[in-house]
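By written order: A, B, C, D, E and F. Residues from 1 in each chain.
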């Protein structure tokens, strides 16, 4: 398949289209709205299911195979908040606190971007490494912690924020799902596959419709915040994505695996990070980080980023 | 019937503050509270059902001096950075001595 | 299968029985109640899934085949509110506003009645045309608009109501689902089939249980409103249903397709129409239109109407 | 399989592990929480699905085969509240009201314990009798009624409580599901299997995660209430479980069926009973019965009880 | 504009009492009520979203004598056994004669 | 502490009116509002969770003249056709100058 064909394949997937539908609904001022409980239920389901599937795969993978990618991912988790912070200070000329807040988002990871990349890679015909969800869990936490350290050098209730991140629901569901999957293995998977695996992409489609509505309601803020933020929110993912693909290549991933690791590295959090930042850095401006993460970087990765990381991975790996 | 005049303090705040606010008001002397989920709009824009989480509307019935302590603490520690409003009114409470 | 056998088949389907269970629960004053969020989540799921399946079918159907049925359906959409309005003025002796409110309901369509008819037709062994959901979307809007025009000749904020209908969540989900299905086609369907197709009828069963509770809580009003409304709510669907079956026959539908089009024409809205009417015609009496639509016409179609339209379709088509 | 292997199999099932994850989340003070609506939706789904599956099985079972087990179950339903009451009065030295409240819980049944036992039996390779859900419905009500009679001898609004139990949502969903399953039979099942059967154990896994959180939040009360209650909440199930297995053996059940009947007899209610007791015996201390039922007996049965009843059933039956 | 001074009675109680409370206040003369789901903490500990069901917060606008009757009835029949609080305050109601 | 005396206007209405009501009160001078979903019963019968949609309970803190304007507008344009009640009470608001 050539690049245009791949882009088309990505753009016409039900998930990307559902995201667009959600945005359109909000822009048309439709009264469509997901109940809070439905959004929460979907996110609980998705996070646990990702973890669980990863855990089952992990139970079939020798530890030695996972070790190197895990270390490399931790490395990414330490590097990404630093580059995000520096770029926010220099290019956006933000203060320490706002830069730290942005860095926490671009230092962590978006589970939905991860999933979209996984789906894309599978649809293209790759078979990404099964233990990738483990790496999502590894990438989620350290970035936030490093970023908060950067912002609060010398002061504040960092412990509270640290605990907030570690016991936050996205980490508990991902890591808990991983453990349950690893412990119950294939035997457990067999029983719950028709719930946690088969309907997964449909549930994700609905979730993305809701995300589209949320992202669209951030567009207004975007205009206030300015064009530089849009650049930040697209160039940084490209940079991180390229590094992620390269790291994936180095640790011996398949083309599919490198694509997904690239997308993970390029993604920015919008569940764990906002909650942690709001508690630890209340002085930071939420419009800034929510607009960048949700209204710029997420759609960018979903629509253009993923095919680009795939092209990169193919170029390096093929 | 014994109706005791007390103060009803109502706080509308970002839901992320729930745990902290509950700890604060208890520490300052509140014996109980009631919370309902809410949404709203104010100087910091719309706080909808979306994403950043919604608001909570917290009510606590307290004696006047506790009310003032709570409001002072809010003004000092929460108003600068968070979306919060707070107000107080007069109510008459059945078995009000429980809340003093 | 003879008529009695078909009626039995319909009455003993899980969906009709679940509707009856819901009614029984309310009449027994059980504390059973679906959370608002669950009801909304189910309706979002059902509407989007109908649209999506229809869209995928549409992507496989040449436009020429769809064109004639679509035009005929639009014709139905213009005729039905007129007949409903006239009957409400003459037979029920209602004022212009209340008659317009009723006409908006009987001019629009009930997605759940459509689904029940589809299930019935499939269970009997027919294969109704795949693009029928497209026609649901076409039938939903015009009837409401015509009815509001009838009621408000000369005055009022019709534009607002029009916009309310077009951007209402049922239209957005149906039409949005259609577009997504048409664009992503079979490739998209493959990924989300275990969520949007396989579990569909089970979700519909739960939804009908809730509808049964709502309908039962309308029975009380029914007694106040009187017997003529019950007649209106059964004779009008029979009339519209017969016309719908006949139109289906004319445009060359299979027996299954004509049955379903008949049921669509016979149905009355209880999602889009009430919302639009409450805004555009606040003086209209909600008890009237809700009781007629929900406590009379819907159960009538579900239990007796659908087998009757099927018998008609067989008689014309066989 | 030997006993240890079975225990391991049970402990490492996704359901038991999800329960543990829920408890861990609460003990770690995570912000993970299921929305009220999600919990209610899951419980509606589970109760109706149990009933429905049981009903479909029932439609295939000759009445004569069900009669004896049904009578025996009714017998259990009358005996269990009596033994629970006497033990609560003697061993816990409780007053009449608190003893009656406990008896209502241990006289009724936990649908989730039933399901866990069924899953366990199937995973071990047994094929428990298909009509067992019918017996759950039979065991749910009488125990609560007998217990309330014991507590209120001579006074109070027993009728209200009786009506509360009979029209309570768990009874309506179970019995309603049974009837719908029995009436619509295999033909109905075919349509809704991908919703009510295949994803069932996955939904149960999520539900157990929530139950784990609730149980953990009861641990605090447990310490106040004391050690004797822990003994009561473990010895009584063992006693009832042994009787249940024996009764299952007597009525000719397979080893799997006897295991499940044992677990049912050993279980204590935490949906129907608390609601009925709160209305009928407001003076009873809720901490007492909720802690015993939810924080002691339920986890005990889930983790240790079920394998024990299975061992008993094998020993008697093999 | 006709603003009628009336009493607003607010009752926070276990949600299991909803049906009973609504019957009581109607019997005692209330012409209407508004309920929102709530959670809270008081002398009987946390009443969360979990299990025992949550609380409800019931409001009813009534004339003074009805307010007193409702509060008296609550104090007598509900306070001893259930988690309930109740208080009353002064409000001015549009078209208030409807509620008398 | 600066506690400013203001008016708290509470409106209970059919949820379908939410968008319109919010526009109205803003137009009439309200600087913010808080909404919670509600259910209830009044002269127009039960408004439950079912179908017709539920109620909303909207609160806005405003100066007296804005309160009167809002209530007058409601009485004129909403009371005749919709299920609505509205009342006003006195509250003391922290940093109340924000809402004037």
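Just so we're on the same page, a residue touches a chain if its C-beta (ideal position, glycine included) is under 8 Å from a C-beta of that chain, and two chains touch if they have at least 3 such contacts.
Note that the structure is a prediction, hence the values are computed from the model and not measured.
**Student:** Tell me, which chains sit next to both chain C and chain E?
**Tutor:** D, F
**Student:** Which chain is most remote from chain B in terms of Cα centres?
**Tutor:** C
**Student:** From chain E, which chain is the farthest off, judged by mean CA positions?
**Tutor:** Farthest from chain E by mean C-alpha position: A.
**Student:** Distance-wise, how many Å sit between the C-alpha centres of chain A and chain B, to the nearest whole number?
**Tutor:** 36
**Student:** Just how far, in Å, is the C-alpha centre of chain D from the one of chain C?
**Tutor:** 40
**Student:** Rounded to a whole Å, what is the gap between the Cα centroids of chain B and chain C?
**Tutor:** 47
**Student:** Can you list the chain E residues in contact with two or more other chains?
**Tutor:** 36-37, 89-90
**Student:** For chain A, jot down the residues that touch at least 2 other chains.
**Tutor:** Chain A, residues with two or more chain partners: 33, 35-38, 41, 194, 198-199, 275.
**Student:** Could you run through all the chain pairs that touch each other?
**Tutor:** So the chains that touch one another pair up as A-B, A-C, A-D, B-E, B-F, C-D, C-F, D-E, E-F.
**Student:** Within their complex, state which residues of chain D touch chain A.
**Tutor:** Interface residues on chain D, with respect to chain A: 9, 12-14, 17-18, 21, 24-25, 28-38, 41, 119, 123, 194, 198-203, 205-206, 209.
**Student:** Considering only the defined contacts, which chain B positions touch chain A in the complex?
**Tutor:** 14, 16, 37, 48-54, 81-82
**Student:** List the residues on chain C that touch chain A in their complex, please.
**Tutor:** Interface residues on the chain C side: 35-38, 40-41, 44-45, 48, 52, 164, 167-169, 172-173, 176, 179-180, 183-185, 187-188, 191-196, 198-199, 275.
**Student:** Name, in rising order, each residue of chain F that touches chain E in their complex.
**Tutor:** Touch list, chain F to chain E: 10, 12, 36-43, 55, 57, 68, 71-72, 74-75, 79, 85-90.
**Student:** Help me check something: in the complex, which residues belonging to chain E touch chain F?
**Tutor:** Those residues of chain E that touch chain F are 1, 3, 6, 8, 22, 31-36, 61, 89-96, 98-99.
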